[in-house]
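Lettered A, B, C and D in written order, each chain numbered from 1.
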């Protein structure tokens, strides 16, 4: 019987205790969510994936000034600028980014780029599903960054067009 | 004009620190001795102070006999105020800071503040001063001054009048330094703007400098426009090899690509200026026509081959009956290895680097080609520019000569058959008929001889000289008198070899120099031409003979090292015939070119900024340029190609680095004895004067 | 500022005329006057102002690019420098062509308090132009100027060489009538007067 | 005190404008005397007279004269007359040149003798064509009579006199800007060093240069003729102002014009001479040209005309352009036009003046248009203090003083205009001071 008592003490009792907790929690609100099917609401200022925003007119906010690249502690942003022409206009003013790349493998999501941006073009939003199978896919190009993101329309306007960077004509 | 000739010192007090500074030194310079800084915009140490921007206001007082300090009621501009005995200067008082804030607020009210899109952003004095001294906010709520943005003032310079703070640096540069007065202020008051005449093309050979001295982004480079931001850039010390002056430059590169060239200070050569050829002429680095790998001709097309295959091909075809023609941007090391390769490897001596119409034989050459250093030209009493278009061929020498004229009352005499930029300030202009420079030199020699009362037999009379050259007797006598006053310099360039009877002309000038005690210079023209002369890269047959031999079929093989005879040689027909006829042609170069079409083997070469090397400028100054950018393809420096090939032909110890070769040069060429990599100085080391006829 | 609008695309940047491309218009008399002026000063640069007055007369009251280039040519200065001088001074008409008569209304201080603005308004209405504009028939150009220093006669107008003041609506009507009848351009006349007082009797004649 | 006509004694006499008429009235006596005098004696005479520059700054004239090198060192000496009268409210030089041209020619010739001048230049503003014609005629006559040119009056000395016309720039009234203009440059002031603020050593074409106002030169014949001691007695009531001064009276007075008075006359007396106020009571006065601080009626009552005396009412004699304003004048609109003048005439060389005058104008425009913002008055004062003393030449100071003074003297008018968007003065709309 000694064996039984031992078994009760070592196996059954902990099991019951464990199930007991489960049973106790059954009545409470569930904390776990079914991740791929369900998504947890992120905190409002969560900094994940970068996006490049546009003005209401459809013009890109990014002027290719490279200040984000200068501010980036991980040196993961590469910007190449070019000149707008009246025929081919991407952003208000003289300058736009012809290439804008972020190496997401290097990015530490510190948000300095967002702070540095004079036009509010680059923002870090809540999309956190950045995993991929190929390294090359982590190089986010300008086209990818310009994708519309959920809730974009709801955002208050940042860095309204004004002063000298205003659209001419 | 940073310092007025300092004869004695005065005692002054700066921020309660007593010190002695040279009398007459400007306050803005004097405070630098203490490590303090006075913010400036319009002041530039190489130009006359004007006191326009008022950024440098300081409080100034004078010590009274009783020891107290009596301050002047108004703040004084530090950039126009020379120090004097007992002066007390405050650069850090509340009033000074208030004034700086005020001036910056004024400057910024009409400034567009488009720093994010401005090419100057990040290296802008206005930004820096605003951050250190400026107000954090503006009280200006009215409409800013507007002007069209990004106006193309020339191929190279873009003007943005909104950003201009009217400091006048650019205007003063064109007036005082380059002398073309292409820029001037128009209108007045708040509408004042610097511009060219009716905003027409900014036609200057030195326009690029205004971009660098502009303290804001009003004048920016059209070529660098939006290429990079300062924090994207890496900067390497470099040399410009567009001409033989050997200007020091900064090579700014981004992601291993050259994006911009800026002047680097070297007081001995270019001070801080560059010419437009040097500043904007480095397109070939990123050219789409760059050669990236060795090619071999197969029928009508080129097939890429490995270096080894190319070497084997060359080794098989080149021998005693081969020759090499060299361009002007090959480093000293490359030239030396080429000589070695041809002598030791192929057993041929036929190398030449000269492309002028006349190629003087050894006995006819001028013994000393550079007696005046570039820097010494500004202190000459008289400079005779003979048959040279300095602004085009030696821009930095041109600036020095003009500086001497502008600041030190150097008298400049220009003798030429064409109009040159130096005519505008020449004290005396000897404008002769085309092709009569030799007669002019002889006439001058007679004038000097007459002035010295020596024998004038055998000279043409002044009347005949006037008939042939159209230069009057009185003018010649005047020049002779000027030269005889001493401290004179005669400046010619190698371009004189394209004129009639250059040997006689130079002989006459050399005699004049000897008779008057003037320094005599025949400056080389190409990037490293002086190095080639010093190393003696002109043995065996000369350029004309080599091409003729090729055309006649007397030579089996020709190696073109960074040179295209079709553009360089005065006779295109001869060059065509030669390239057509020569059985085996090696073209080694940076870019695809016309001569490449005749080649059997094409070798890519590294551009000067892509490898380590030394270059000799016109005054014999050896300077080193280290690798700044990467070769875009599989190119190799010229010396490595020659060295590797030599090992294949004649087994021996190969050279591994440019340094080793320079040591070897120093050991074999006494002139280069001090020019090893260990001994080279920051500003370059002048060649050691050697026995006169060493390299003849 | 209007220069900007006349320019073509960046690739067709206008080039300043070379010295041998200039179409020189100075009359013999103008050249004689220039010679006289050279003798007044130690260098030719000082003749830029008088030279521009001569040009203003020779080119019919308006200093266009050619006029400025010609002055630069004669005085051996750069075009930009002469243009900079010409645009600095308000009496050289460098911005736009002017009519036969230039009416310059002083509105500064003394004239202001003595009613220059009503006078200016009347002139504007009467001529149908604003400040800095020329009437359609090309006879009158109206300008607002700073103090003419005839404050005792405020409000005062300057037409050509002469001052008119104090003016009221009636005297303005009379003045305009007189000017309409006048054949000679007072603008050119004024430039001529200014040249004449500087040169004095020409020695070379 | 009444008018004291020294310079303007014969101004109505048309014959005085010819050489004969001038000589009949005692002209060229002074030159004849000066020819026989030592150079230094002439300068001492000027020193004894206590003559001070009449252009506005009141600088002792003899110091300039004495500053030129006593022995020539290879460079020509130049004598320049500043006849670029541009100060709003001043028109004395115009009358002097038109009506007493020989006084100026004689005065400059004497100055040339005293300072070994080789040539004289009269820089006349471009608009003064009548004055220039009168001078031209006088100079031509003087040349013909041997009073200019080679060997003047048998003295063996030469002196040439040339007229140089300006082309419309107030800034050229500043002496170094005038020299820039004379040398064919933009009329921007030139660099002065504190140890040599005068152009007496290095002026025109780097040569020693004497530069004085028209009125200063016209005083010289009288000083030489009657002696400095005599001139000294004029205006003896004042602290340090001697001689007579022409005041140009304009604005709301019955008889505007030039009135020559002895220093020490009160402003009220000057107002009486000019026939008293027109259209209303006296409200304010700008006593010395637009650059000097404005004073109100109370101050006018105790203002004594003298260089030092005027500082008691925080103003200056300036160039003597006296503008009286009646009670229906809106000071804010008046100051708006002053600001506009300086913004138009700033040469653009230095930052505070170029940007500051424009900014002041923009603020004033805003206020006058009824869009004044709270704090604009303080902002104006702040801008003034950032210009005053910081600019390259005096134009910046001159632009700041009237604005600052007007705010100091009439603060309530500014407050009212800014708060209500309209003038405090009821009838100012009818006067239409603003277009």
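Everything below uses one rule, namely that a residue touches a chain if its C-beta (ideal position, glycine included) is under 8 Å from a C-beta of that chain, and two chains touch if they have at least 3 such contacts.
Small disclaimer: the values here were computed from a predicted structure and weren't measured.
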Chain with minimal offset from the mean of all protein Cα atoms: B
Interface with more contacting C-beta pairs, comparing B-D to B-C: B-D
Centre-of-Cα separation between subunit D and subunit B, whole angstrom: 53
Centre distance in Å when subunit B and subunit C are each reduced to the mean of their C-alpha atoms: 45
Subunit A and subunit D, separation of their C-alpha mean positions in angstrom: 71
Between subunit D and subunit C, distance of the C-alpha-averaged centres to the nearest whole Å: 25
Two or more partner chains touched - positions in subunit C: 84, 88
Set of subunit B residues in contact with two or more other chains: 185, 187-188, 191
Of all residues in subunit D, the ones touching two or more other chains: 169, 186, 344-345, 347
Contacting chain pairs - touch in the sense defined above: A-B, B-C, B-D, C-D
Subunit C residues within the subunit D interface of the complex: 40-43, 45-50, 52-53, 75, 84-85, 88-92, 107-110, 112-115, 117-118, 120-121, 145-154, 158, 161-163, 190, 193-194, 196-198, 200-201
Complex interface listing, subunit A residues touching subunit B: 63-67, 69-70, 81-83, 93-95, 118-119, 163-165
Footprint of subunit A on subunit B - complex, ascending: 112-117, 121-122, 144, 149-150, 162, 225-229, 231-232
Interface residues, subunit B side, partner subunit C - complex: 147-148, 151-152, 154-155, 175, 180-188, 191, 195-201, 203
Subunit C-facing residues of subunit D, complex: 76, 85-91, 93-94, 119, 125-130, 132-133, 135-136, 139-140, 162-170, 181-187, 205, 248-252, 256-258, 286, 290, 321, 323, 325, 329, 333-334, 337-338, 341, 344-345, 347, 431-435
